[in-house]
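One chain, subunit A, appears in both complexes that follow, with subunit B as partner in the first and subunit C in the second.
For the complex of A and B:
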């Protein structure tokens, strides 16, 4: 209230200018970020050509690519494979991660620190270092090629305990006296976990489910190696790449490839929209919890 | 309703801190026991061993004649109120109180009846649908007590339940706990660092220091016959005046000679000294501020100069200094002071202090134990 009106205007103008600059910057960034996706959508609806053309907006819109994708390629199999992998991986992985994190957060046992450190250090190594060995092991059990769906589930789930870090951090913020109160009130450790810790950790549970479900849709390296050029064992990423892997195929299937790309986004988007509210809470929840 | 017995209970934490040594205590059915002592003396640790939240390193804890060392908290039939209330944030007040009943699969009607009853006693019926975060500290405390009461446990444990409340609310809740105790009528173990709480609530008080029990007794006993210097100074506010002086014997009578005075040890204390044939010796003499009175006899009384005069309403707290610069506190009730007398009790003025033999406490200079134990 001490600023004169003139100064006030000056401040306001300054603020407006900086806001304008910020908006221009943000809009530019989002355009750059959105363009590939918009191009992808346009390509997927293009009817007049199945290969790349020199312009963006299709001359003729239609669902041909989508229909062909489902009728003329193995896309339904790849989609189903990925969906199954995502479903199992997210359920199993979530259970393992939460149990692991709760144990590390609440129980004190010999070697706890060592275990946590070893897992942290192992996590620094890129996963593909173990790829060849994993392939060998899986092939002994006949879990490659056409059987790669259970194989891939195993691969994704096996290392999931190492992802304890975020949820352990979250559990650490929940006061231990809640556990103690519940135990005195008559709860077993398991009931403490299900009736107290889980409901309080909804955001982190959702976060774990989401990340576990999403990972298989984008995984290429493991999926390609383990499915070993067998279409029946491919996930969408490998399958779609396989679709356009030769120059002839590229011109025949390019627009279908784009349609597949759009379709992949759908289940993830739906799941994300359903759980979004919790997801945001989950990522920042530990910090704002009083 | 249960007898709780601790025998040679010891707690050693993983970092080799010995938090509790040789704790022996027999708590009667329906007794209200208070553990009191300075922070870190092992009160909570002992309570948590009774609750089953802390492993017992050695010794035994019995509830109703059953050794519970290896029982989970849920199998001990106890309930506990925590210092930070530990309410379940995701549950309403109703569900918080109902939680122990739900675990026991009590039928819905009965849950409703019991929760309603408890919340009426505690005056929290209006808040039953709220989440804990929408409650004030005092209300949360009531919910925590309600959750502990609803099950009619054998033993009711409370760890500093009032220390997060402001002074006024604390006094109010203290009074309510006294009333509540009559209603619940079970065995209570209550932990506090506040001697006033201990004195007002406990049937018996356990005074602890550095993991050792110093004295167990009724409020009267620990106040009138402190076992050692620590208890004497810990119980009572303002704290007991203590100073070194000589205990002498002349013509069969005992005298003390603090600060150049000579005061007769008359009354019961004098009799006791004679009966036990206590040797004349240097002692630590302890006299409570309220037992020091304004003296008339300039020759035999203690000379003192007033440093600060604190007006507390019904009484004055005089901080005085003696001829060898020892500081003492004297409590003077204002009710029988005339205007002139009161005017004289201002800082810088000199006056005399005396006290009777039966308010004197004699402690050994070395061991600090009470000579008349």
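For the complex of A and C:
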């Protein structure tokens, strides 16, 4: 293909212009997306006022809010609660999700399609609906209010089998000829699962652990209902929201809330960034396969 | 079908067979599938009804065949089989399959004991949900009056449902036991041996491995999802609320009253149906905007970052991903306070003199339209990084030669986007769009943590408490449940309505999307 030099220049200039526009847009987007977090960090170091003020950079920097957060509020308890819930949930939930998704993806049995359809339909009910009865039954076993940590673990973990989609999408992509070859060699289905497929499944295992660990840090609805306004049973989300829930609380605890937000965000963000690769694989695969 | 060798003669709007489909270029194939996705929607609705009808029909045919089979098994069976109809597992034990037989037998004994001890008691309470209020009774040993518990409607309903489910499980096991006898007889007749207990156990790791793997997940789902949902559906037909809590004051069946009050339009303003209609329509509007703004803006950002010649791709992506790694509740609560009346934004506007005095501050969360726009805009801020990640992954999967041939044909960037990228994305992410739409209908966190449903709307004041202009059905449900009156029955009616709306949308789309049908294609 031949083009005149002049037209070629025109294309290049156009390209440069569009790239410049894109750079400007990307810089703007980055700033807009980061700014609230920068504000949050600044406000968490503010000493002169615990209430909302009309400027970002504190007049006096200090760790007061962080110290107060640990001495004047129940933040350590909330943090510990959430950590314990995340730990247990990630282990148990991973086992459950892997069992479920592996079975539905690679084993063929009567009723498999029906089972998948039933779970799809169950998912159309709002999850909170079942909380009314679950709360009552959990309270019979004293697993609510101050003692809500085991109750919440149960609630998060028990129905986690319904969230098998992403993981199943992963197993679907592993070639079935692997299973067949192993079966011809006399392996049982159990051996295929443990010796052939599991070693190949590191990305999805890490993805499942990661999402299961992170979910309790952000859950608000279930945790609020189960902890029932008892500070000792709250997770960080409910606890920090409680800090700023009334105008009086807001004026006393606003900057401590900011400090708490920073303290929760740091470990979760670091964890997320370290395992980002697995997360991206899981998210993309899951979205494509539904 | 008329066969043609020239692919250009095939109209993409007609149904074409697999052979002809192969002749199309990749691009044409994708286009063809998209056209047929939209053409499929009306058929999807029609086939849905056909499907439901055939399900009902098949159910009755199945029952008829099953009953015939049971009778035949009895008539043709030997004495072991016949006795098994009463003593479950007898046939198995008599034929040497002791473990299986014992399991059947133990199940039958447990069932009978349970029914005698508790089952019939709870079944009897189910029609009334309890009649005895707590009271006092004379205790001759203590020579005083003591408190006596009455019935607990909650327990009556819960254990009643459990008992019915247990009876169904028993019927199923009994049927299994009958079938077992028939199969065993056939195997023995053909001269083969029955499986030993050892075979049975080891098959749990092989032929029956799915049962082993599913046991734990399905138990959890049954007790924490299926049973609660069944219970809550039934609650919608009772008057269970804070005043009728079941033990200090019984609750009972009220038939369709709760549904009638939701659809009764003759009570003037401030009734439930008005509130329900308003909140439902806002929920759908919200779900639509929340889903598609995120989707298209996420795609836009991903395409910008992926464009050839743009440097620091990892940094742009990293910044966005960083923001989505921070737990949502922190971002949402902080931003909510940032835009509050005394918040940072108004404070900065005051300090810089853009607004002159306190009477001019912008009340972001107190004006209906402004609050609604704000939640959608902030949701973009929350959701776009996530979409960017998904879209980036998919963009890399689009065959590069599609773009190559488009460029040679002289298509510019916009044409490439509308003719290749967008159709491909819509096709591949169809199921995701649906799940995301459903997720947004139930998006509790964004709404509750930003506005808590506010600003409160006097029009939405009902017997169940107030609702606000940004309340979704799910946050309304939460408020009704946790509110002073705890109208559980209303909460479950709304839960059922959410279910109806969601499944209606989903069934239509699922019937029309081709990519959910061909599960095996991915293997």
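The rule is short, and it goes like this: the second predicted complex is superposed on the first by the 268 of 290 C-alpha atoms of A that agree within 3 Å, B and C clash if a C-alpha of one lies under 4 Å from a C-alpha of the other, contacts with A are read in each partner's own complex, and residues count from 1 in each chain.
Throughout what follows, a contact is a pair of C-beta atoms (placed from the backbone, for glycine too) under 8 Å apart; a residue touches a chain by one contact, two chains touch by 3 or more.
Given the structure is predicted, the values throughout are model-derived calculations rather than measurements.
A:70 in the overlay: touching subunit B, subunit C, both, or neither? Say first, second, both or neither.
A:70: touches no partner chain.
Could you say whether A:175 touches subunit B, subunit C, both of them, or neither, answering first, second, both or neither?
Both subunit B and subunit C are touched by A:175.
Report the partner of subunit A that touches more of its residues: subunit B or subunit C.
Between subunit B and subunit C, the winner on subunit A residue contacts is C.
May I ask you to decide whether A:185 touches subunit B, subunit C, both, or neither, giving the answer as first, second, both or neither?
first
Using the superposition on chain A described above, determine whether A:200 touches subunit B (first), subunit C (second), both, or neither.
Only subunit B; A:200 stays clear of subunit C.
Pick out the shared contact residues on subunit A: the ones touching subunit B in one complex and subunit C in the other.
175, 188, 290.
Where on subunit B does subunit A make contact in their complex?
Checking each residue of subunit B against subunit A gives 14, 51-53, 72-74, 78-80, 82, 84, 86-90, 99-100, 103-104, 133, 147, 151, 157.
Report the residues of subunit A in contact with subunit B in the complex, numbered from low to high.
The contact residues of subunit A facing subunit B are 108, 175, 177-178, 180-188, 191, 196, 199-200, 290.
So in the complex, which bits of subunit A are touching subunit C?
The touching residues are 15, 18-19, 22-23, 25-26, 29-30, 32-34, 36-37, 39-40, 43, 51-56, 95-97, 99-100, 102-103, 107, 109, 112, 119-122, 124-134, 136-137, 154-155, 157-162, 169, 172-173, 175-176, 188-190, 193, 214, 217-218, 220-221, 225, 236-237, 240-241, 244, 250, 254, 257-258, 261, 264-265, 268-269, 272-273, 276, 280-281, 283-285, 287-290.
For the complex, which residues does subunit C have touching subunit A?
154, 158, 202, 205-207, 209-210, 212-214, 216-218, 220-221, 223-229, 231-232, 235, 301, 304-305, 307, 309-310, 316, 319-323, 325-331, 333-335, 337-338, 340, 342-344, 346-351, 381, 384-386, 389-390, 392-394, 397, 413, 428-432, 434-435, 438, 442, 444-445, 448-449, 473-474, 477-478, 481-482, 488, 491-492, 495, 498-499, 502-503, 506, 515-516, 519, 522-523
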